[in-house]
Amino acid sequence: MSRAGTGDPKRLAGYLDGPARTGSRFTFWLGAATLAGFAGVAALGLLVVPADDVQGDTVRIIFVHVPSALGAYAAFGLTALGSVMWLWRRSEWWDITAHAGAEVAVLLCGLTLVTGMLWGRPTWGTYWEWGDVRLVTTLILFLVMVGYLSVRALGGTAGSVATRAAVVGLVGAVNIGIVNRSVNWWANRTLHQQSSLTEGRLEDLTLLTLVLAFVVAAMAIWWMVMHRFRIGWLERQLADRDIHQAVRARRAEAGR
Amino acid sequence: MSAVRLEGAVVLLGRFPALAGADLSVDPGEVVLVRGPNGAGKSTLLHLCAGLLPLSEGRGEVLGCDLGADRAAVRRRVGLLGHDTALYGELSPAENLDLWARASRVDAAVVPGALGRLGVPERLWAVPSTRLSAGQRRRVALAAIVVRRPELWLLDEPHAGLDGDGRELVSDLMSEAASAGAAVVLASHETGPADDLATRTVTMAGGTVGADAV
Amino acid sequence: MGLMWRDLRLLAGDIGLIAAKDLRIEWRARTTLGQVLPFALLVLVLFGFALNANRPTLELATPGLLWMTVLFATVVAVQRSVAVESIDGAGRMLLLSGMAPAAAFGGKALAVAVQLLAVVAVLLPGVVLLYGAEIESLPLAVVASLAATAGLAAAGSLLGAVVAGVRAHQTVLPILLLPVVAPVLIAATRAFEDALGKAAVNGWSWVGLLAGFTVVNVALGAVAYGPLMEEA
């Protein structure tokens, strides 16, 4: 099957309902605003916000690390919700959404892990700290989501792929909570800094930058999920078209 | 009520439309012979009627149950003989049928009778099924259908791999079932013993069912 | 009420039927006995080589090595449990029988759990003999093993059904199963550290976590097995 995302839009336009694009006027401006936001966060975070008294310049990584961590769990939540909705209602819309969420979640999990390790090295003196509950949980989530995507790639009818993947999404969603609990009990010597946000330790400017980073991250996730959803939707339409052609070809085989 | 009614049934195996808009209607008491070359979609048609495959387009009703809504209800009421025997190789014929009877909530006391009816020698009843000959395993698979006494018999090449004796037995079983009011659909790609049994013959090609052949 | 009890009795009967079927097949095929158990013992020996036969290190690592081995055995046992249904279309019998999917799931998971218990029953004397471990609390070891193997079997059987009928199922199952059962490895290892007197932890509280994991995954299997059977 050809992938709509890599195809020539003009070639596809002939036999699809609606435009063969993944973008729209809205996503264009959303994307533009996201890019501007990235630039703003980078400028504020790298140039304007002062270095931390204790951690020095390394503190700046929180503007990437914390939003991507929250975003990873938000995207994963979308996958979990989509999985349940597929199993409950057999909603194709939710199935595509679940898939879109999973890809974004893998990306953001990866970003969270890399930035977490980069920050850990100068701060804790080690890239990986087993006592850090959130980082360990995120690694397990990353592996669960990689498994989810590998199930999606197994092939079969759209319905069977959706059901298999949805069960993996559901099992992952329920068990990631148990993973978090168990790692927490296991290593109740967590190194992760308590949320600086809730303790009000952050300076106003740092806080402002972090809030902006959250907003920009949310916009970026929204933009990615919308595009990925539309790719999935177009893929479905192409697959349906291929199947209709195959049905016609098979009937022709019989001269009917 | 028809035993089977399919209208424009499309069934996908992966991305391949094994059925490409099949129409079929079978009444109780009928013995319908489905003919056609290899790859015409005969086996898929039988599996669809057994409620084992999802309908991706078209409509289908088997024994009054909608295939789109409740395939599980269909499965409880049919008997299917496929290419494979659906027996657990490590279990003996008696154990396989006993399990089958209990799982389908049928009195397991009918098992010896069914095995006897299919002419499976008693010395083989407790032998692991893998050690049976292909013909004997096929007889055991047919005995499983007898155990259930289904309202719809779906038989894929039922005479294949059987000796003359066995072929006669299968033919007798089918006529008995039909006269008891069950519907029988059997698939075959060759002319043979099935021809005389059938009250009606249809031909499949390219995933569709054609008009009755002469 | 009466009707509910009757349903539960039928469900329990079906679970027993399927579990007995799988165990009988395993007993005759000698997969667990002839391959999984020797494999598990072999892993213990190889760990001994890998850790340079260093007594203190081995003793320290014993609970973790034991449960790591059980995890590997789970993958093998689940793959076998899935394969049993696909050979010669045998699983069609369950589908056509109209048995409740929850019963089929329960039966298959129960059979896997029994086999995993057999693995633990071989590994535990194994670590006593090979690594010089000493069992300080047998009840804790037994209860933790029961809870952990039940949880592994439940999660394994459900995810095994996810990959059933897929060509690449042998390679996909480990990446689906092993991350999800991380809590079992953590909790069972801690419980055994207590039971083998290796660390001052409260093993029984970890048994609670194992029980929670088992309950959650049995519930998931009871709900999600049906849709998977339909798609097979």
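Letters A, B and C name the chains as they come in the text, with residue numbers starting at 1 for each one.
Methods note: a contact is a pair of C-beta atoms (placed from the backbone, for glycine too) under 8 Å apart; a residue touches a chain by one contact, two chains touch by 3 or more.
Just so we're clear, the structure is a prediction, and the values are computed from it rather than from any experiment.
Participant: More C-beta pairs touching across which pair, A-C or A-B?
Facilitator: It is A-C, judged by the count of C-beta pairs in contact.
Participant: Please find which chain has its CA centre nearest to the centre of all protein CA atoms in view.
Facilitator: Per-chain C-alpha centroids ranked by distance to the global centroid put C first.
Participant: Could you put a whole-Å number on the gap between the CA centroids of chain B and chain C?
Facilitator: 37
Participant: So, what's the distance in Å between the C-alpha centres of chain C and chain A?
Facilitator: 32
Participant: Where the centres are mean C-alpha positions, what is the separation of chain A from chain B, in Å?
Facilitator: Inter-chain centre distance comes to 47 Å.
Participant: Got the chain B residues that touch at least 2 other chains?
Facilitator: In chain B, 54 touch at least two other chains.
Participant: In chain A, which residues are in touch with two or more of the other chains?
Facilitator: Expected reply: 155-157, 159.
Participant: At least two partner chains per residue is the criterion; list those residues in chain C.
Facilitator: Touching at least two other chains: 230-231.
Participant: Per the contact definition, I'd like the list of chain B residues that touch chain A in the complex.
Facilitator: 10, 12-17, 20-21, 40, 54, 56, 205-208, 210
Participant: Under the touch definition given earlier, write down the residues of chain B that touch chain C in their complex.
Facilitator: Spelled out, the residues of chain B in touch with chain C are 50, 52, 54, 71-72, 75-76, 78, 80, 82-91, 95-96, 99-100, 102-105, 128, 144.
Participant: For chain A, which residues are in contact with chain B within the complex?
Facilitator: 1, 155-157, 159, 239, 242-243, 246-248, 250-256
Participant: Looking at the complex, which residues from chain A come into contact with chain C?
Facilitator: 87, 140, 143-144, 146-147, 150-151, 154-157, 159-160, 163-164, 166-168, 170-172, 174-175, 178-179, 181-183, 185-186
Participant: In their complex, what parts of chain C are in touch with chain B?
Facilitator: By the definition above, chain C touches chain B via 13-14, 17-18, 21, 24-25, 28-29, 84, 87-99, 230-231.
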